[in-house]
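Listed after this line are the structures, all set down as structure tokens.
Two complexes follow with chain A in common, the first pairing it with chain B and the second with chain C.
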Partner chain A sequence: MAKFLFRRLFTMIATALCLTFIVFYLTNLPPNLEKIAKSEAGSRISDAEVESWLQKNGYAQPLLGRYGEWLGVLPGWTATAADGKVTGRCIARGADPAAAPRFCGVLQGNWGWSNVFKEPVSQIIATRLSLTGWLMLSVMALMVPVALLIGVLAGMREGSKLDRTLSTFSIATTATPEYVSGVLFITIFASSMTGLKWFKGSATSAMDDITFENFFLPVLTIALYGIGYIARMTRASMTEVMTAQYIRTALLKGVSFRQVVLRHALRNALIAPFTVIMLQFPWLLNGVVIVETLFNYKGFGWTLVQAAGNNDIDLLLGCSVVAVAVVLITQLISDIGYAWLNPRIRLS
Partner chain B sequence: MTRSDWTPDQPILEIENLSISFFTRLREIPAVMDFSCTVLPGEAMGLVGESGCGKSTVALAVMRYLGKNGRITGGSIRFKGRDLTQMSDDELRRIRGSEIAMIYQEPMASLNPAMRIGAQLAEVPMIHRGMAKAEAWALARQIVADVRLPDPDRILQAYPHQLSGGQQQRIVIAMALMSKPALLILDEPTTALDVTVEAGIVDLVKELAEKYGTSMLFISHNLGLVMEVCDRLTVMYSGEAVETGSVAEVFDRMRHPYTQALFRSIPLPGADKNSRPLVAIPGNFPLPHERPKGCNFGPRCDYFAEGRCNAGDIAMAEVGPRHESRCLRVNEIDWSAPPVAKATQGKAEIGEVVLRMEDLRKYYEVTGGGVFGGGPAKVVKANETLSFEARAGETLAIVGESGCGKSTFAKVLMGLETATSGKIMLYDRDIQNTPIEKRNTDTVSGVQMVFQNPFDTLNPSMTVGRQIIRALEIFGQGASDEDRRERMLQLLDLVKLPRAFADRMPRQLSGGQKQRVGIARAFAGGAKVVVADEPVSALDVSVQAAVTDLLMDIQRENGTTLLFISHDLSIVRYLSDRVMVMYLGHVVELGTTDQVFQPPYHPYTEALLSAVPIADTHVQKKRIVLEGDIPSAMNPPPGCPFQTRCRWKSQVPGGLCEREVPPVRHLAGGHQIKCHLSDEALTTMEPVIKIAAE
Partner chain C sequence: MDALGFTQILVTMIGRFWPVWIALALTFALSISFKRRLGLYGRLFDSPIGMTGFALVMFWVFTALFANIVATHDPLAQISGMKNALPGSPLKNPVEGIYAHYLLGGDNLARDVFSRMVVGARSVLTIAPAATAFAFMAGITLGLPAGYFGGRLDTGLSFVANLVLAFPVILMFYLLVTPEIRETGPLLLGWRASIPNVMAAILFAFPILFLCILWNARFFTTPARRNLYVGITLVLGLWIYAGLAFRADPFGLWIMEPNLLNVFVSVVFVNAPTVFRIVRGITMDLKSRDYVAAAQTRGEGPWYIMLWEVLPNARGPLIVDFCLRIGYTTILLGTLGFFGLGVSPESPDWGSTINAGRKLLSIFPVPALVPAVALMSLVLGLNLLADGLREESLKD
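For the complex of A and B:
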């Protein structure tokens, strides 16, 4: 087990390095750098001035070197201007160059400075991620039990009326993207058009205080799409399990149908959808972008949109680190859980 | 508990005029028609018949479990006097698993892969008797010990995949016995197992049924097995019972042409191939919706009488004490007439050595299991120092159970794998290091293979003729397309298929016909050596004889060397010249058929011979049941490979068997045995099979 975890950790780190490097490369393409120079030093500067600004601010080094600095494994750059003033990556504005640390990257906890929010990236991510964390948690709490229930009920008697009803429902929900269902929900349940006004059409107030009223619609919007998907996976897996010979054995042992489903079929039927559920986590980040924007809930997804829209390199990199970490950790949990559910797999 | 007035001297199970149909979108499939049988308390009833004749359907109908589309369309099934067909779901549930229990063909599939064995066993008394969990587990432990599994505590904690096939089947049996049922239904319980393991299971079932006084409905296609287990049997053909009676009656005084034909198509050790040749049943089994009018067996029956046999339905009629048959002409047929012997053909001349293997070894390296591999690499010794010669026109049988290395050997010979060391000489060419893609067409077409499963080896989307022509092209046969087409038709003649079959698709053929196509393909390039890997074991008994005969006919004509891989000793004895017995990669015995089938034996051969069920009431067999399972090739025992199960081990002094791999001993007449036993011990061996004088 320890060996498995160790090996797994190693591959995770390698993957994380590769992925962040790709993001680093893409955000540091020359046109992006030029945009930064122009936004920092004035939009009308000449090409030569852009060049020298980049030079002075450490952007002109080779990409790999800068990636190392960002990561915190290479010493930050320093430059001495003509007037003898020392600037550098690790030297805060107005601070004493001599007291500055040599390394200042992600590993040292220095995630950079957001040009858009004018705040350290780590701080932004911490607050935004916790907001999104609540959202995801609520979504999972709604989505997983409902989806499994639907899948199992539909799959236990293939072709029954219940199965057909539930399957139609699942297909309908997966076929409806969040931006459609979200808008629909808002117009039906939160606008004056129908006059229902059960819920709030905006989740902004939920950032301070989550209530059923202000939070249910965004949660439902994200969950609904996933419910259909997971339910269909569960149903497929369940119908397959229900035709297995050991189900026949159990029935002919005299086990009641209910017990056959609960004790014999369920665990086997969950093996396949479990992986899918875990994969939903990173995917939720994606659905979250749309829903957070739609409901004006300023979480992680919303931040990502802002960062990408404004060429905020450090923030974008920070977000990608978080995203990569979420993906890899859920993968790990999914593998361990899979092995736990399926005794035929051993972790070694 | 029973409301009826059933008493223990009345039948446990009475099936009367049972008809069952499956309803598909296209049509109604009458799977079982007018089936009756009676099982008395403590009696074991056998149900024999070919694949698809409706045996399992009857069994599942007794369980009232016919799936969504199956329905009982007539008749009654009375269990202890109560009609099962009228019972509610609740009543059925109380009977299932407690009073009627079932044992299935595939033990692995019938156990829940994600539940511990103990939990699966303990469930039964917990449901039916409301037993407490701890008590139920204690009972489970006791029953596991009862089915003679070692280390019951470990087994209870294990998951099904951690047990071997034989152990799994013992668990399924234990599960059935947890509530001491009155009736046990066994649906081909040993078909998926090796013969020596099968013998152990059969012994166990018999012993336990006696101990608990359980009645049995024992389904099998193997007449020998039925003879060993059952008191009475019912022979089924195409959805109907055609003959029923006590085992002795039916085996020795059969009164239905199908039963007779069935017995004539299986090789028995009591008779040699010339005085009692195998007689295949002509034609094919009719599909349920294509049954002929009148007698179902009519089109294949030697005694068919036009206008009578096909006039209308035929009923079962009494022909002796508790002996019935469904044939109109019972009294007109001379049942004692010997089978019409075919003109006996001489054996093919045995020519010079075609194939020689010297010290061939094949080791596989496997990495340790687990999700991400890792663990130390292990070496599986699939073949250890194989040496033998095969001559032109000779049939060499290779016998052994699963995992003994038969198929690896075939693969190395075919060039699908290269040998680890040693030599393979085809004529005078070394071919051990030449993989198949580097072999020249001569070598490739010279060594061909017929596979076990005719269903997977044919391309489903190509006509039969086309597939044979493809083979001809690959082997570089024929000058033009016309030429090859002509050759193809000749090959169809050779394997006795009508020429019209050239335009058929594989799915339109029966199993036996597909196997013939496989054989035609193998002989397309004029093969000199044909490796037949269990060529008939996937086929029905009535077809096996025809395919075996065909192979021998072709061999006679072409002087082919046939390497016949099989676990079925009866058929091996019938057709082979020499026999090689393998166990865990070692050749433990090699000799002519007579030498191998008569003492002195290698201890493993002795056990194997004893394990093979023989459908002949005149044969007396010494019962030798091996303990335990075949060790895994991944983890073979030290010393003699057979030492973990050998009953002669104690005769070898000094624990030699556990330390050293025995050398090959050369006995008289080229007979080889790999065993430490002394010559004296070998001479004390008695024959396993004795044929009682009539």
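For the complex of A and C:
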């Protein structure tokens, strides 16, 4: 077990480093840096001035070195201007250069400064992530029970009419991406065309005060796409369990069908969906980005779009660290949880 | 002229699709009458789910083929007075030779929603299957040896595949599908080695590589035939390859807009690792079978075993996954369009149209609703088709 955990942890760290480096590289392409220089120092500056601005602000070093600084394993750059004033990555404006720390990167908790929102990245991500947290939580609370229920009901009696209906429903939901179901829901429930107006087509007000009226549509939109997938996995695992010897024995002994499903089949059938549900998290991120953009809910996904669209390097890097961390941690939990739930799996 | 009512719109629209109905009827009549001789494809017509899916998919395929006949207007033409027109609105100034109604209304730039939906099917149905096919070629070419040989090769390739899979898709698109990225990179003989171009050069080489190995593994004992097949593959393949990856087709037949290339490569890149994992898993399962052991005892080479023993036996799950993956790719392309990263702003593809229509969603929902329903029905068709195929292929 210890060896397995160690290996997994090692792969995880290697993956995280590779991914953040790729994002770092792609956000720091020369044209992007040029854009930053122009937006900070004026859009009409010459190429030479761009060059000197980049030089002065520490962007001219080799990429790997700057990645190390951003990460916090290399000391931050410092530069002495002609008038003897010392500036540097770790030296706040107006602060004493001598008192500044040598390292200041993600590992030290310094996530950088957002050029678009004019706020520290860590602060933006914290507030936005908590908004998205509510969204995710509501989605899970709706999606998991509904999906498991559909899967279990469909898989209970394979080939029955109920199974056919529910399976077709799950296929239909997996065929409806968030941007399609979102558009459909807004048209049906929130537009002047049908005149139903049961819900609001925008979730902006939900950022301060979550109500059923402004929050249900975004939650339903994300949950619906995931329901089909989890339900199909649950159904597959349920049908497999229902054909097992011990279920037949229990039925032949005269235990009622209800009891067999609830007491014997369910627990074994829910092991496989557990992994699927855990692996849904990173994939929910996609849905979150789409739905937050569509419903104008200014959470993590919306921030990611803003950062990417406006070339806000530090914020985009911060967002990708969070996204990558979510993916890797859920992968780890799903692996460990699977082994823990299913004693037949041996880790080695 | 009066505006059309709901029933009239419906009837007229069904009428506009006449070539599609004829083609569909012909396909079904022929397929059903010969279904016992058509293998897995024929057995599809035994399952109602598979048939429904196939009908939906073929409806869009034929719509894409006959888009010029079905569409009522030029998808890019703006007709004055038709901005955000309601479905069935007549043209303000009817002109001879131009269809007199906007069947599904106009969008915010006064273009015909119906025609854009129909022509959009064409762009969706060329890019999505092609991108999926390239992803499959790359995934199969790398997945087979990874699963068959195992060891370091497998560890390395799996690490890279997991790396790509751990990358949030939307973030990757935002980083890869930007105009800046196309301008970065050293110039080599007039070809810019930017990231999308390099990725295209690598990913587009896989089909050629795959086919060459395929022919060589089978026919290396009869060099004349081998040379013929490999030669044909190389001539055709390198011609297309030069055109698509390097924009250097001397005849100008194979060419891809840089914007489209960027989108295409990103979609292939996202899909290939999943295919790789599937192929690798199946190969690891199949390599312990008796027929593989028999081939090994006969002294066949590893590539022959992988391509001519393992791969044909893995075709069932791969065909099913291919259908599903076209649907997934369609969704991905729609996502790209939804974020405005698509092919080009005025392109009629469904994702971009949804993106353009969503700003006025609660007042004029039709321009976004129509492509949304179109996309949903196509993906639903592909999923049902995959389900039917899976069911029928399991019956063996």
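To be clear about the criterion, the second predicted complex is superposed on the first by the 334 of 348 C-alpha atoms of A that agree within 3 Å, B and C clash if a C-alpha of one lies under 4 Å from a C-alpha of the other, contacts with A are read in each partner's own complex, and residues count from 1 in each chain.
The rule we apply is simple: contacts are C-beta pairs under 8 Å (C-beta built on N, C-alpha and C of every residue); 3 or more make two chains touch, one makes a residue touch a chain.
Remember, predicted model here, so these are calculated numbers, not experimental data.
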Report for A:N310: first if it touches chain B alone, second if chain C alone, otherwise both or neither. neither
Is A:K253 in contact with chain B, with chain C, with both, or with neither (first, second, both, neither)? first
Contact-wise, after the overlay, does A:Q108 reach chain B, chain C, both or neither (first, second, both, neither)? neither
Which partner does A:Q61 reach: the first (chain B), the second (chain C), both, or neither? neither
Is A:N28 touching anything from chain B or chain C once the two structures are fitted on A? First, second, both or neither. neither
Which holds for A:V324: it touches chain B only (first), chain C only (second), both, or neither? second
Dominant contact partner of chain A by residue count, chain C or chain B: C
Touching A:S122, do we find chain B (first), chain C (second), both, or neither? neither
Chain A residues contacting chain B in one complex and chain C in the other none
Can you check the complex and tell me which residues of chain A touch chain B? 3-4, 7, 159, 244-246, 248-256, 259, 263-264, 267-268, 271, 335, 339, 341-348
Quick one: in the complex, what on chain B touches chain A? 63, 65, 68, 93-98, 101-102, 104, 106, 109-115, 123-124, 127-128, 159, 161, 172, 175, 368-372, 374-375
What residues on chain C touch chain A, complex-wise? 49, 159, 162-163, 166-171, 174-176, 180-181, 183-184, 195, 327, 331, 334-335, 338-339, 351, 354, 357-358, 361-363, 365-366, 368-369, 372-373, 375-376, 379-380, 382-384, 387
Would you pull the chain A residues touching chain C in the complex into a rising list? 11, 14-15, 18-19, 22-23, 26-27, 29-32, 35, 167-168, 171-172, 174-177, 179-180, 183-184, 186-187, 190-193, 201, 282, 285-286, 289-290, 293-294, 301, 304-305, 308-309, 316, 319-320, 323-324, 327-328, 331
